[in-house]
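Have a look at these structures, which come just after this line.
Each of the next two complexes has subunit A plus one other chain: subunit B in the first, subunit C in the second.
Here is the complex of A and B:
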């Protein structure tokens, strides 16, 4: 039954679609729940601004849902687009695409809930700034989506690129590894970036004149928190585009799969850690505007040190790809 | 869907070495550069107290980026590095927006462009660091906290180039791929303009700013 290539390709695309939207639904729901919770608290503090707060909450939730919508698009494509079934590699690629987008949507979904909630609280605290707060929230949560965008890029490339000329062993492992690498590495970065964006909304509400510096520090902090996801993207690109010599031995396949898993898990912690650093830096820029330069530099140096674990993971995955 | 992997190239053989040019990227980069030169010419041709529209936009850029550079560097270094920072932002902004016009595409969609700019920023930052602190103090920074951390510190510095260039490239390429796939699925009805607004105009502006600020902050970390 299973010997038929078309059946296996279908099986992989259905399983991939299930994994994709199943995992992808986790993050956005958590993020939106957080936003709604803080919106309730904000309304109880300032009942007369409930219209503004509800409007802001809905906009924030809509942005937080983007990651889940990306996952939905990939799942629908996996279910309904007819894939060429001339090689078993397509099956591996489709399953890899599902894993990649599914995991990749978790972090960004949770993360972009933070700025939404903090912006609602900010409107209750400083009603005059509601327009500026919504703009800052939009910028912060759009940057939070970057890791999810990376996962979607890798997912779509896995689905639509033609791998049929490659040898089946060990390329199947490289394709699944490519999906795991970006997918897992995106979790930490999305969550971390959201923390920084939340702190910036809170900071602007506390001290409105700090708007420009807070937004700039937030963007730099978020950008550096995304570095682990970018390492994941790099490893995925190498795994997808490098052509590996055919070998029936299992160890070369496992090395490539291991490279993806290594970079994926290695990126989770540094992403969250960098986000926490950025959160504190943004928070204190808002309270002590004069120290912006020192705070930004300290944040960057601290993030570089906490990123070294992601660099260890990247070094090991490159060794697994090129040396072993 | 074939557009995804199709890159028009031109190969020149010179003394046995194959020089490969990505023609499309080069043309787009030249379009951006020529438009910026034209903009600079129009903005500075007749500088007056009552400014013409181009002068207003130019003054806005200069004011904002002069303040940002002043926050990050000393008074003396601002004069030296501000032109770089401001023109880098204007170049990236126009590059990221170019895709909204039909038949044109973003030069930043090609990894070579962003990697080139990233390497440029790396050399400028390290040159500034060596000049300010002297080579001995600069080199000593790599052996901290302990001497055997040196290889990892060097990899960490190189990883900055990778991260800054892949961030811009991934975002712009990602936007382009998503617009392409979604437009293909829904036969280009209704949605594409909104997607272009979000990915090209909004994300493009933010990423241009992020790239510029990171280049500035990398210089600032090296000189302090």
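Here is the complex of A and C:
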């Protein structure tokens, strides 16, 4: 029988754990595979530097792995922590937490693989720069992990906040929407940030004297790529903290669920697009240092236009939450 | 609880508005980013043509944006007109 609240809460918790680690394992595995593939290629070009290359590969893979470890932590908490089951809202929140962390780990895992692999190739190309390349890789992939960290924050808040005072309808939809919003929006930002970081490692190896400008451009480009994830986080926070008046009508629930879906999917494209722009800008700063100013300006204009669709998605979500 | 026909239509319209704008934003976001990237590449090769290249980039992005605006319009229609 599915009639009692405790059983349904357990059901949601176990289903959420499965979704969380199942989706969460995708990204890190892909990213680490990319790093390892390029490391092999790098060793085939410079066999005598294989020690440095393997060390760099393992450090890069360890960072890509953190996204999957976040997902594992949330899944284990969902499996083994006994949640108070005084309201069906807890079931919605636990499932939402699983969705959020599962989707949220994909982009960061894939993205962190790019700087790892390009840094390995860079060490084969410019062995003297191996220390600088590893440092730049670490900075770049750390920024890639922020969307996964946002997802973990929202996941843990959904798990441990007390929602029992809120009305079941329509808050259940707000909690699932909060998970979907941050989780999906994190995919694009993680992937895009990784593209920019990969190009910077390649650029530094090609043109060691461009180190400072390349790292700066990478960080600016990555910061813009992160904004869709921040929009997703903002919509999640509104959905979690706003108190909605009780309403048994289906339309008020669907408006809140729709708001989460809208911002979540809406953040994917601009995040990836901003990353592609930043990737090319960083790549060409390294090749043509004199054009750094032009390139940074063009990158920011291009990213701003690409960002506009994420802003449309945010406007529609806010209308769904506050107006209709 | 009894769910009435009008309520189901409203609910579907709200969910549909979210899905329309959400999925509709993916393509233009990626496409415009790709244009921006290629413009940066071209300016890196020929910095002296930066003005022409930026203009071409913006025109190209504006065309790519149109599908995002279609999604926005459909979402607003679903929210306020249907």
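The criterion applied here is as follows: the second predicted complex is superposed on the first by the 324 of 324 C-alpha atoms of A that agree within 3 Å, B and C clash if a C-alpha of one lies under 4 Å from a C-alpha of the other, contacts with A are read in each partner's own complex, and residues count from 1 in each chain.
Assume contacts are C-beta pairs under 8 Å (C-beta built on N, C-alpha and C of every residue); 3 or more make two chains touch, one makes a residue touch a chain.
The model shown is predicted, which means the values in this text are computed figures rather than measured ones.
Set against each other, subunit B and subunit C touch different numbers of residues in subunit A, with C touching more. In the superposition on chain A, contact of A:219 is made with subunit B only, not with subunit C. By the touch criterion stated above, A:149 is placed in contact with subunit B alone, subunit C being left untouched. In the superposition on chain A, no contact is made by A:135 with either subunit B or subunit C. Once chain A of one complex is fitted onto chain A of the other, the partner contacts of A:207 are absent, as it touches neither subunit B nor subunit C.
Of the two partner chains placed around the shared chain by superposition, subunit B is the only one that A:160 touches, whereas subunit C remains out of contact.
Once the two complexes are overlaid on the shared chain, A:301 sits against subunit B and subunit C alike. Judged by the document's definition of touching, subunit A residues 301, 307-308, 312, 315 lie at the interface with subunit B and also at the interface with subunit C.
Taken together, the subunit C residues at the contact with subunit A in this complex read 1, 3, 7-8, 10-19, 21-41, 43-45, 47, 50, 53-54, 57-58, 61-62, 65, 68-69, 71-72, 75-76, 79-80.
Residues 188, 192, 228, 248-251, 253-255, 257-281, 283-285, 287-288, 290-291, 294-295, 298-299, 301-303, 305-310, 312-313, 315-317, 319-320, 323-324 of subunit A are the ones touching subunit C in the complex. The part of subunit B that touches subunit A in the complex is made up of residues 1, 4-5, 68, 71-72, 152, 155-156, 159-160, 162-163, 166-167, 170-171, 173-175, 177-178, 181-182, 185, 198, 202-203, 206, 209-210, 213-214, 217, 220-221, 224. On subunit A, the positions that touch subunit B within their shared complex are 73, 77, 139, 142-143, 146, 149-150, 152-153, 156-157, 160-162, 213, 216, 219-220, 223-224, 226-227, 230-231, 233-234, 292-293, 296-297, 300-301, 304, 307-308, 311-312, 314-315.
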